[in-house]
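The next part holds the structures, each set out as structure tokens.
Common to both upcoming complexes is chain A, partnered first by chain B, then by chain C.
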Partner chain A sequence: MKGNIFAKIIVYAFLILGLVVFITPFIYMVMTTFIGDAYSLPRPNEVFTAVPNLDNYETVWNKNNFFRYFMNSLLVAGVATVGSVFLGALTAYSFVRFTFPGKELLFRVFLFTMMIPLVLAIVPQFTVIKNLGLVNTYWGLWLLYIGGGVVGSTFFLRGFFETVPKELEESILMDGGGNWTIFRRIYLPLSKPALGTMAIFAFSGTWDEYFVALTIIKDEAMRTLPIALMMFQGKYASNWSWIFAASIIAILPVIIIYIVFQKKFVQSGHTDGAVKG
Partner chain B sequence: MLPKVKNESDHNQQPVMTPKQKEPKKPKPSKFMKGLKQWMQVFPFLFLGLTGASVFVIYPLIKGIVMSFQDYNIMPGAESPFVGLENYAKAFSDPAFRYAVRNTFLNTVVTVPINWFLGLFFAVLINIQFVKYKITFRTLYYLPIITSWIVVAFLFRYLFADGDNGLINYLLVQVGIIEEPISWLQNQWTAMIVIWLFHIWKTVGWTVVIYLAALQGIPKELYEAASIDGANGLKAFRFVTIPMLGPITAFVIINLVMGAFNIFPQVYFITNGGPMGQTEVLQSMIYKQAFNNFNFGYSSALGVMMGLTIFLITLTQQKKLGKQRFM
Partner chain C sequence: MKLLNKLIAGVGISTLLFATGCTGGSSETSSGSDGGSKDKVVLDYWHTYSDQEEIILNEKIKPLFEKEHPNIELKLTRMPYEGLKQQVVAGVSGGEAPDLMRMDIVWVSEFAKMGALQDLSGFEGFDEVKNSVFESPMATNLYEGKYYGVPVNTNTKIAIYNKELLEKAGYSEAPETMEQLVDASEKAVKAGAKGGIAIGGSFSWAFLPYFWSLGGTMTNEDYTKFDGYLNSPESIAAVEEIAKWQKDGLVAPTVLGGEPGTWDGMKNNEYLMIDDGPWFYSILGNEEGSKFKPEEATVSGLIPAGPGGSSSVIGGENLVTFAGSEHPEEAWTFAKWMLTDEPQRLMAEAGLIPTNKETANDPEVIQNPIVQKYVKQLETALPRTPVPQWSEIEAVINLNFEKVMRGEMDAKKALDDAAKKADSLLQQ
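So, the complex of A and B:
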């Protein structure tokens, strides 16, 4: 019994040590935002004794069109998320429910593109958008986010669609429903957790996306939050309180969504297959 | 009333679902007609995704390979002459490329084992029966993963700031590990350490979550059987847990290697390759060659070489993925 308690203490000690390493930087960041007039690097003592207040958040929110960039990002990420989930579901459904010539080849091509770093594609992607006349439009961004992400989302959702029992389809077929009805009434509702997880991935991915947005969007008023953050940091390089107040506003939506939904998270289809070996 | 056309198409769907009825009642239609019919059925569902993938993934990748053999000029109407392997040859005489290759490999060699070990270690600890607040631990360990790269980069630059006031310097001096504050980002190797720590800190939560899921998937009966055989604690871990985690470990390691190899924002936002290009990695070099220096051909050649390397490294995993069932 004594050994057991000893083991418990050691295990918890390691777990809490890990927690300290992962969480302290966040706490230090939040504490920094409570300091007023931080025009140079604040001393750790100042940070530890800062009194919580929201002054810096208010200043940042009203500064440099920050509110506008926030709304831009919301629009960009929102549409990209809906589009990615819809397109991913549609394509995954095509692969799971249909047989057609060339399916295996197509599947392999899709698989192959996942192994190649997409940085190789970024220049041609840009020229495609340019030829479509969509530089400096959100359509250009959406097309790249949704079209460029379709392979990944297809693979993710495919794993879950495969677990949908085929017997369920028969009732729809008997009622005279077709492929669309099966998609809408069986595959989508039964895959809600997977679709939700996918939506969160898509949202946080596009919300944070920097490099594509930087190359496509030229107009200052149309910038998204990550670009605005970098500009903001360039402008107020040493005012860490403002920079972190802006940063926290920028990461808050994703963190809130994650914490609210994380119990419903599902693991990616890859792990499923891998566990079963 | 059922629309007749729909009914027919549903009927043709049957062979897919139930292999027993494979033979159609009508005289055998030609293979071509059958394929055409199948394509017509799947087309409304597939064509958007297929178009998206073709235009924004497959075409750009092929185009990227072609560009790597060109002196590519992005201006409309300007010529982009083919230059053979010149772009590739250029890389091998470019000192920046040597740094980028070295640093990319170093990042992989250093971070993958640490990341793997820490991920497994914490997952095993969280999974121990008596540990409470499992979900809380998992959520908090995962927090760095969902935080924006840019913000975490700001944070690391802040924590590792020069002088007494940087938190890391402050702590190290207080504890007495170092006497003088270190200028972390001004020196090649200390900057590399910051990048590695950044990479590990930001991504280890993923390994924890994946292993935790795998551990929870191990059937309880196996442990019960082991305990009947007199194996408990460490022995059960050695003879039940480790073998059961085999397949997932391959998956985790391949993903960690790919993640470490694809290191990019870690460097771009922390040091931007500095001091003097000594912390540059392949992806940041590829990006900058294209969008800062407009050397699109050279950038593509670097991308092709990197893609080939990743392809070879992950070959084993691909074979496994390729074996997956399609239906």
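So, the complex of A and C:
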């Protein structure tokens, strides 16, 4: 019993230490946004005596069309998230349910594309998008985001779908349902935790994406938030309080999405007891 | 991290070469298809002006140019710095590069070698433009005897001293020679300063003013050979002198990327001397609610003279036209116009130093005594070696310089090695 408490203390000490390590930079960042102008990073005594105010947030929000870029990003990341998770689920389903020639090879090719660094692929990708006439359109951006995202979500969801008992499908087949019904009634509801996780990955991945967006989108008015964020960085000096304030606005949606979906993480797949014996 | 970026840039460029090789350089620019009537040419212009500069560009430069040239419309796009080189590479290889771009002077020869830029030497009125601007910035556009751009604004760095520490060291004015600088640094450090000479880092932009002023040289005059110049006895002596400062504790931690940064150390009376461009005054002077007033708290002077005189490094931007542009004539019209007196005068309002000699020497344009010092320093400032392989060569030199600063390599060995590698890179 005593050893148990001792172990607990150690575990909690580690957890608290971890928490402090992770949260300190974030708090430092938030405190920096309360300082007037900071072209060199402020020192701890300046930071911790700053009076909380929203001046910098207001400046940033009204500067460089920040609001417009925020909405652009919401549209781009929203569609890309739904697209890549939905298509990824369909693809994963086919890899789990169907047998077709070259299935494993195809899957390997899928995985292979995940391992190519973005910068290497950007010139060929851009050439393809240009030949499709999709430069400077969100369609071009979605094509790349969803195309890239499907691979990841297929890989992730295939593993999850394989844990769904086959017997559950048989109940649908008995009732005369087809693959679509199985997918919709069995796989999707049972995979909510995995889908939630995937949605967060897909959203934060496209929400933060800078390089492809800047390459494909040529019009200033159509740019996304990460580009607007980078605009706050100057060649010789950057106003850190602005950059940090803008960054905090930019990560808010990701935090909200995380809170919305985080409940799903801890739930199991609801399949316990679904099949007898 | 820096190395990684270099690597990425290198890979990106090789991809570009591959891609342009495949497409045979065919390009169909679609600029002009969006907006504007048929007989009006739309020029796509990428720039990286800052907030204040962009206001002048949008509200004064653009209307003025379009009024004088009713058949041309400017489409301005401000690009962020992050990954900019790769953006240009992607744009060029995809045939979606803009017509014009204002790019850092050190990029021009590299892009010229790729075949991405338009040779401007043959255009009407080129020689006049060439003769109207400062020689050194113009030289940064040269590649294999042809000019691929024109300098649109220039800058350099001068020495900036913390007034309080300078007085503690017993000086009332900026040191004029390297001996005085060393003497002042020794006294300032003894009096408690965290650093005497704050060299901004171990990269060429930061250390070249000291290297050159102490007598070092990079290459022969036509930039074709490093061996015998970069590792000449004078160059070795220059690096040894800087290494000695480092050993004696005169150099601030910034040279190896340490904290506080140059501005931070200057603001908090910790560093005796930093070197920086005119933006030090314009940015910090505009800092709201700051107690630090750069013009009152600092003393400025030319880079202290050593065996090599007082020599600083040239920065700034060139205007280039891309080879794939459908409107090279109109693009040239704009580039030429940007270098004339009026636009140069307008951009000088935002603190950019004109490249047009007449404008820069007009006392009305440059009334500020500090900006006058920059213009004076420009007379002896040198460009970083304008060769296409510069970014790779720079990486080699920087690394060896850093090793010397860390005491891991002696100056002679470091420079011999760098010269050899630089020469072999130059052959590529």
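Throughout what follows, the second predicted complex is superposed on the first by the 221 of 277 C-alpha atoms of A that agree within 3 Å, B and C clash if a C-alpha of one lies under 4 Å from a C-alpha of the other, contacts with A are read in each partner's own complex, and residues count from 1 in each chain.
Assume a contact is a pair of C-beta atoms (placed from the backbone, for glycine too) under 8 Å apart; a residue touches a chain by one contact, two chains touch by 3 or more.
For clarity, every value in this text was computed on a predicted model and none was experimentally measured.
*Asks:* Which partner, once the models are overlaid, touches more of chain A's residues, chain C or chain B?
*Replies:* B
*Asks:* Of the two partner chains, chain B (first) and chain C (second), which one does A:Val135 touch, if any: first, second, both, or neither?
*Replies:* After superposition on chain A, A:Val135 lies in contact with chain C alone.
*Asks:* Does the superposition put A:Asp37 against chain B (first), chain C (second), both, or neither?
*Replies:* Only chain C; A:Asp37 stays clear of chain B.
*Asks:* For A:Leu87 in the superposed arrangement: first (chain B), second (chain C), both or neither?
*Replies:* The first partner, chain B, only.
*Asks:* Look at A:Met230 in the shared chain and tell me whether it touches chain B only, chain C only, both, or neither; answer first, second, both or neither.
*Replies:* both
*Asks:* Output check: A:Pro253 vs chain B and chain C. Expected answer is one of first, second, both, neither. What do you get?
*Replies:* So A:Pro253 meets neither chain B nor chain C here.
*Asks:* One more residue to check, A:Ile122. First (chain B), second (chain C), both or neither?
*Replies:* both
*Asks:* Classify the contacts of A:Gly205 with the two partner chains as first (chain B alone), second (chain C alone), both, or neither.
*Replies:* Neither partner.
*Asks:* For A:Gly196, decide between first (touching chain B), second (touching chain C), both and neither.
*Replies:* neither
*Asks:* Name the contact category of A:Gly148: first (chain B only), second (chain C only), both, or neither.
*Replies:* A:Gly148 contacts chain B only, not chain C.
*Asks:* Taking the contacts chain A makes with chain B in one complex and with chain C in the other, which residues are shared?
*Replies:* 41, 43, 119-120, 122-124, 127, 210-211, 215, 230, 233
*Asks:* Across the complex, what residues on chain B touch chain A?
*Replies:* Touching chain A from chain B are residues 2-3, 6-7, 9-10, 13, 15-17, 35, 38-39, 41-42, 45-46, 48-53, 55-61, 63-65, 67, 74, 118, 121-122, 125-126, 128, 130-131, 135, 137, 139-144, 146-151, 154-156, 158-159, 161, 163-167, 170-171, 201, 205, 209-210, 213-214, 217, 246-248, 250-251, 261-262, 264-265, 283, 286-287, 290-291, 296, 299-300, 303-304, 306-307, 310-311, 314, 318, 321-322, 324-327.
*Asks:* Which residues of chain A touch chain C once you look at their complex with the stated criterion?
*Replies:* Against chain C, chain A makes touches at 36-37, 39-41, 43, 119-120, 122-124, 126-127, 130, 135, 210-211, 214-215, 218-220, 227, 230-231, 233-237.
*Asks:* Of all residues in chain C, which touch chain A in the complex?
*Replies:* Touch list, chain C to chain A: 8, 11-12, 15-16, 19, 23, 30, 48, 50, 77-83, 86-87, 89-91, 93-96, 260-261, 263-264, 267-268, 276-277, 279, 283-284, 287-290.
*Asks:* Under the definition above, what is the set of chain A residues touching chain B in their complex?
*Replies:* Listed in rising order, the residues are 8, 11-12, 14-15, 18-19, 21-23, 25-26, 28-29, 32, 41-44, 47, 87-88, 90-91, 93-101, 103-104, 106-111, 113, 115-125, 127-128, 143-144, 146-148, 150-151, 154, 162, 166, 169, 173, 176, 178-179, 183, 204, 207-208, 210-211, 215, 226, 229-230, 233, 240, 243-244, 247-248, 250-251, 254-255, 258-259, 262-263, 267, 270-271, 273-277.
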